[in-house]
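When the chains are written out, they are named A, B, C, D, E and F in that same order, and each has its own residue count from 1.
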Amino acid sequence: MLESIQETAEKIRKLEIQGARNVAIAAIKTIEVLAKHTQAKNKADFLKELSKAKKTLFVTRETEPLMRNAIRWIMNRVDKNNSKKVKDIARTVSSSANQFLNNLERSREEIATIGANRIRNGSVIFTHCHSSTVTYMLQKAKQQGKIFEVICTETRPIFQGRKTAKEMLDLDLKTTMIVDSAARHFMNQADIVLVGSDAITSEGNVINKIGTSLIALAAHEARTPFYVVSELLKFDPATIHGDYEKIEERDSSEVWKDPPKKLIIRNPAFDVTRRDYIHGIICEEGIISPHSTMEVVRRKYPWVFE
Amino acid sequence: MLESIQETAEKIRKLEIQGARNVAIAAIKTIEVLAKHTQAKNKADFLKELSKAKKTLFVTRETEPLMRNAIRWIMNRVDKNNSKKVKDIARTVSSSANQFLNNLERSREEIATIGANRIRNGSVIFTHCHSSTVTYMLQKAKQQGKIFEVICTETRPIFQGRKTAKEMLDLDLKTTMIVDSAARHFMNQADIVLVGSDAITSEGNVINKIGTSLIALAAHEARTPFYVVSELLKFDPATIHGDYEKIEERDSSEVWKDPPKKLIIRNPAFDVTRRDYIHGIICEEGIISPHSTMEVVRRKYPWVFE
Amino acid sequence: MLESIQETAEKIRKLEIQGARNVAIAAIKTIEVLAKHTQAKNKADFLKELSKAKKTLFVTRETEPLMRNAIRWIMNRVDKNNSKKVKDIARTVSSSANQFLNNLERSREEIATIGANRIRNGSVIFTHCHSSTVTYMLQKAKQQGKIFEVICTETRPIFQGRKTAKEMLDLDLKTTMIVDSAARHFMNQADIVLVGSDAITSEGNVINKIGTSLIALAAHEARTPFYVVSELLKFDPATIHGDYEKIEERDSSEVWKDPPKKLIIRNPAFDVTRRDYIHGIICEEGIISPHSTMEVVRRKYPWVFE
Amino acid sequence: MLESIQETAEKIRKLEIQGARNVAIAAIKTIEVLAKHTQAKNKADFLKELSKAKKTLFVTRETEPLMRNAIRWIMNRVDKNNSKKVKDIARTVSSSANQFLNNLERSREEIATIGANRIRNGSVIFTHCHSSTVTYMLQKAKQQGKIFEVICTETRPIFQGRKTAKEMLDLDLKTTMIVDSAARHFMNQADIVLVGSDAITSEGNVINKIGTSLIALAAHEARTPFYVVSELLKFDPATIHGDYEKIEERDSSEVWKDPPKKLIIRNPAFDVTRRDYIHGIICEEGIISPHSTMEVVRRKYPWVFE
Amino acid sequence: MLESIQETAEKIRKLEIQGARNVAIAAIKTIEVLAKHTQAKNKADFLKELSKAKKTLFVTRETEPLMRNAIRWIMNRVDKNNSKKVKDIARTVSSSANQFLNNLERSREEIATIGANRIRNGSVIFTHCHSSTVTYMLQKAKQQGKIFEVICTETRPIFQGRKTAKEMLDLDLKTTMIVDSAARHFMNQADIVLVGSDAITSEGNVINKIGTSLIALAAHEARTPFYVVSELLKFDPATIHGDYEKIEERDSSEVWKDPPKKLIIRNPAFDVTRRDYIHGIICEEGIISPHSTMEVVRRKYPWVFE
Amino acid sequence: MLESIQETAEKIRKLEIQGARNVAIAAIKTIEVLAKHTQAKNKADFLKELSKAKKTLFVTRETEPLMRNAIRWIMNRVDKNNSKKVKDIARTVSSSANQFLNNLERSREEIATIGANRIRNGSVIFTHCHSSTVTYMLQKAKQQGKIFEVICTETRPIFQGRKTAKEMLDLDLKTTMIVDSAARHFMNQADIVLVGSDAITSEGNVINKIGTSLIALAAHEARTPFYVVSELLKFDPATIHGDYEKIEERDSSEVWKDPPKKLIIRNPAFDVTRRDYIHGIICEEGIISPHSTMEVVRRKYPWVFE
């Protein structure tokens, strides 16, 4: 049944599945399938299968702490199960997978509710790239009858800002698109900046789509509040141990299809936004100071550190 | 002969002629042609023709102070010529046009020489958009045997960074291209930022390609020296009188060819970089503090203020 | 017995009772009275009375987290009491009210002791508005034999700075008063800034008398340490959920009794001071970084979050 | 005729005449009267009279560079007149006084024209205290059909903001008044800050009503452009020589009529705004960088330095 | 046996034993010796001896929280031991002393491992003074095969930078020494700053060798990451209570052996680096935000607060 | 007579003559001697001698614009003398040398007078290294009866601060010495920072003793005014043309006499202080904004640019 794991891993690697939530959900589901159909004869064999699955999924992409935390959670539950029966363990996989998905869903609702409270009537929201958590939260605010408009960057090189723009127009919001470079030019017209997050480090910094840190800097210069909207489980425990959050570097053809010879194209997918530029992280525990993230995660999800 | 004026104006408007220098040169040349072939019967008529030509050319694009200063110079010379003969005046047009072009050429050489002195062996230069003055200066530095590399942004929406990249590769320089959003990510690796200028205001601020002010802000944050490379005649005397340098807004299709309905696309061509983010303006008078630009222009080109 | 509740609520609304401590104490006492004299026949009825009292008091003023936390504490104790007898519940109200008052008193002592340690002999203290916690702390420092002087702003529109000035003179301290606008002019002469707090948000920002954030900004510019002196229970749990701390807007006649027609007078009572301008919060848990406030409250007063 | 001089001096000292322009005009006029009616028998006597008048007027108030420059101008003209006849000198006094007044009037018009160009339709203007130059400029903008609104501080201690508010309402502008302390609270809603000036130093700093530097700091924090609207002749040549612009300290009763005994009330009338917080000085020479003020004055009014 | 205590105390006072770790270890060992050889006849006497030893050691130097925390730990263990036998208590002293030393050793290893992960191949590390924790961590990085170079300040007045330089050369690292004043000149060439710590305050500030805060300021200006490498037990609980971390002032002869008469020489050994200039504290709990230090210590070493 | 030139050059190179003023004076005098005793038979030969002398002196040290400007002045006078007689030219050398020395003396007096006005009674002055212009100015202030104290850094590596300290004690001023690293620790106690200058660039930056830029940064952080005290002729015209002011690197033995093998010691003598950290340059033209220096030099000493 490990083929299904490998297939999913492949899809993640090739970006056929993308977005931190989608990736985490796919990984969980494929492990669940593995557990359901395992033919392992004893606990030891089953644990080996699980461990292999974990490794396979962990290496797919560098900046996927949510997916890794999902798998950590399942493995943690499995470790705590003393039964020697494969079936029991498999059931634990299944139930813990469900718990994770439910928690993810609940977090998303809570974040949307909390964030929507922050939207003021008549305000102008600036956003960058596409984040399903941000757009879900804006949808909630709209449903509450709030009136606001959105400025989105196009988000080179692969124009995820267009996806955001379409979703905003579908919500019937006044929507403006600009090139990434125009962020400072329009910053004084924005009332609040909202972005998602790919990873949060132990220092309280946020890794997100390339360009986020530049927008944060411009927001800081203009005294425009800058918020990160994110599940706490984007926290990456590897950073505690001094590992740099690796910045994935993607194919140069995304930037220029037929570049001149010898031209070096650098295409990092993310950058690091310093905690000092972030007013707050809107997460399932409320709006918190990024400086305290690690302690909040320790309190809420202690198993991440085990 | 005014058709030729209108043709040139049209080409400028449609960006068939572009780049501040090219636009200024084209405008001067078409006025010279007008003067050469005028059929005006008396001075008054000829002056009317010139005045009409001036107006036609002035309105072509909003941010072209170099071209306007070129025309101002010619008109200034004409005003000072007391002869009543059309021929004499025409000769003045011709000679002052030549003087302007010569001065422009000399300025370019001086700027390149001065700027090349600033390039240190082994340094990494960061640049944005395309500026013929910047690339000419880098060419000079290369010819002097200096070794350095260049990071260029792609410069959305119309990718002028690609033009810069090609010219750098033609000079056999190690060249790296990044998306505009990655400016902060790479800023700590740069030793100096060099950009051109479309206009300089009386306060000492610089108008340049959209995104320049964001890069200046990131350079400031990283203590990376940021220089503007520009002829002094990019100074716009209208700003003295409180007029905002108008920021040209270009067609939305440059940003997105087939955008969803109702989407507002804002596409300003330029932004304003505050003097405090600029280490110096490298101009034909040397490397000056932007704060003193207006006084330097007054000393060097007093006719701009007449 | 609910009339007494309503009377107290009325007094709070009309500012006959004011100051966060006084308001909290009055609210607690009126609930205690309610409990003592209740004629509720069963637990359900009594709980309804309490709930009604809670609602009545909660809506009196927008920025009174200390009072709300006091009531939350009592209700929390009541919730945990499983007895079905009205008398038992009433006793719980009484005892928990006393616990709260005792805790408040103890906090005040601890804060004064901790804060007094921070006062250096010969130093100049800058303060704004009137805070009984600040003045009590300065009294303690004076009693310890420390010599220092105080600069107070007058604190428009209702001149609470005069109250502070009088209290400082009564302590026989050298006292100087300035208009609010002169804060920056005198900042370089101050060694430390001390202000109170009306509310602390989940992000770690402090809500205090209008003008506080301007003084914090000037202190930051001058590298003058800026401390907030406050009970931890000024923490407002509503901010966790994204609610903005509402900024009460008071009557325009406070600013100008007979203003010209059509003049809009805005009279917000408070403003928000960003955590980054605050060196520390001097509270009953010691001097803490404002960034960690929410976690400190969670540890010390977990019931606030229930 | 020196009594008339002394009378005027007295009125200036007692603030019966106030506002830099009014003071300068009164001083010029009283000198003109002196010249007209002088009974001096020879040039030497007349020069003594003039010199005495100069001294009398110079010491009236500490921060009146405009008035002092007015007298400097007249004395400069007198110095350059070689005639030995009292009448001729008196005529020079008269004519130079008129020149000064005309120049002042012209400057005012030019400043208003230039400044009005800076007002954008729909914008919110923040101002402090009362400046006739600022209000004249806003009047001009209004007459041009521009729509904008104004936020004024009340400007403690003597509420000059009320005068501004009334004038704005008379222009039928939407006008909001706030206490001085609320400047940061409302800064993010302002598009531009406009203030007057009492003096400009050789370093390029501006002396203006107490509180101006605090507002400038808050504008800087919020990236809101901050402009000083001022005649160049507010430049104080004494600062070149290292003299501090003296900050006049006014009577404490302006702050508190019946203060408690021993309370020290400090009531400086002005503060210093650093050039780095000022986007530009809107003066008769256009919008200039404050850093270049001294050189601009040297070019335009070289006699100030003689 | 108290003589041995006094001897050790004397050595600490005279700097014959120095470095926070060495001082703590010596203090622990001398207490252990005391416990081993005590001739106290009953628990009460023994506790008196211990208490006296504690006092003697506490007062040796002002900035030694690690040593004080070591003694606190032992006393805490003793307090919790209910046995009445001197021998039992002595055994507790011994075992808790060992636990502390083991913990210290483990922390050092963890810090080195975590910190070494942060060192990037080819990077330039800037350091100040001598910290055995920093140098151990660099040794670990070197052993992992990483290539990097080090810039060390000489660290006046007693040139501890020379010790660092020698250790770096012994590790065969390219090593550059500069005077302290040259820190800003070389900052743009550094990729990361690493310093040790003598004490951490409850606000999250770090006390370290004089000059550290100046280097932190220069690193901040240049956007160079600045890390503190430190055991968590450098946290000083006295700061919670408002005590200033006392800054030891050392003999003037360290600065100038034969100074002119009347010259005042100030020679503070440490300064305070604000948390906002610190990217992270590399400690045994991982890389943490300095703002959360107190909460992390509370979680990990709760006995510090008892 | 060129041997005398070479001797002087040698002394300058070996630092037997040092301090910008002393070096300039020695250079002038040796040229005067050359002129007096020349045996050149015709103008051409004499000009060759002068030109050789100029070259010899120019290359002695890298950062000596004052000396170079002195020689430029003499050569400029010589160039303008059309006489063909050696004697006439020699007389011009002599007279222009005297003019320069007189001007230097006058500038020094003016600077001291202007600067002394800036010293406030009771203030604390912070200074770095030794500058004869600064100490002369403080002497003047003392003579005027002002009371103030001085904090000097020791100024590693060659302790010029000790020279300053002695001179201050000789003036009977309260004087405190600190290590360079302690600058930030004591900055909040200083009222003003005063330093000299070795060179001023066309951008308005100041080159001075290593460490100056770090002190300027700390002064900026603490809002302590930072002034440069300098003759305008420290302006280096080479910087106009893009040449970096070369930073002289001195012998490593100044830093460490017997360093371990392989240790690289970097010992730059100067660093660059950005104009934005400088409140003003106190020069013979008054207190000016550094941003306008080049224009002020152009007005006052136009021959520098010829």
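Keep in mind that, in the parts below, a residue touches a chain if its C-beta (ideal position, glycine included) is under 8 Å from a C-beta of that chain, and two chains touch if they have at least 3 such contacts.
All values derive from a computational prediction rather than experimental measurement.
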{"item": "Intersection of contact partners for subunit E and subunit F", "value": "B, C"}
{"item": "Homomeric contact subunit A-subunit C: same or different residue positions, threshold half", "value": "different"}
{"item": "CA centroid of subunit A to CA centroid of subunit D, Å", "value": "57"}
{"item": "Centroid spacing, where centroids are CA-atom means, of subunit D and subunit F in whole angstrom", "value": "38"}
{"item": "Shared-contact residues (touching 2 or more other chains) in subunit C", "value": "221, 276, 289, 291-292, 295"}
{"item": "Chain-level touch network, classified as line, ring, star, complete or other", "value": "other"}
{"item": "Pairs of chains, among all present, that meet the touch criterion", "value": "A-B, A-C, A-D, A-E, B-D, B-E, B-F, C-D, C-E, C-F, D-F, E-F"}
{"item": "Subunit A - residues contacting subunit D, complex", "value": "187-188, 221-224"}
{"item": "Contact footprint of subunit A on subunit B as seen in their complex", "value": "153-157, 162, 165-166, 169, 174-186, 209-211, 213-214, 217-218, 221, 247, 255-256, 259-268, 271"}
{"item": "Subunit B to subunit F touching residues, read off their complex", "value": "113-118, 120, 276, 279-280, 282, 285-289, 291-292, 295-296, 299"}
{"item": "Of subunit A, residues touching subunit E in the complex", "value": "201-204, 239-244, 275-276, 289-292, 294-295, 298"}
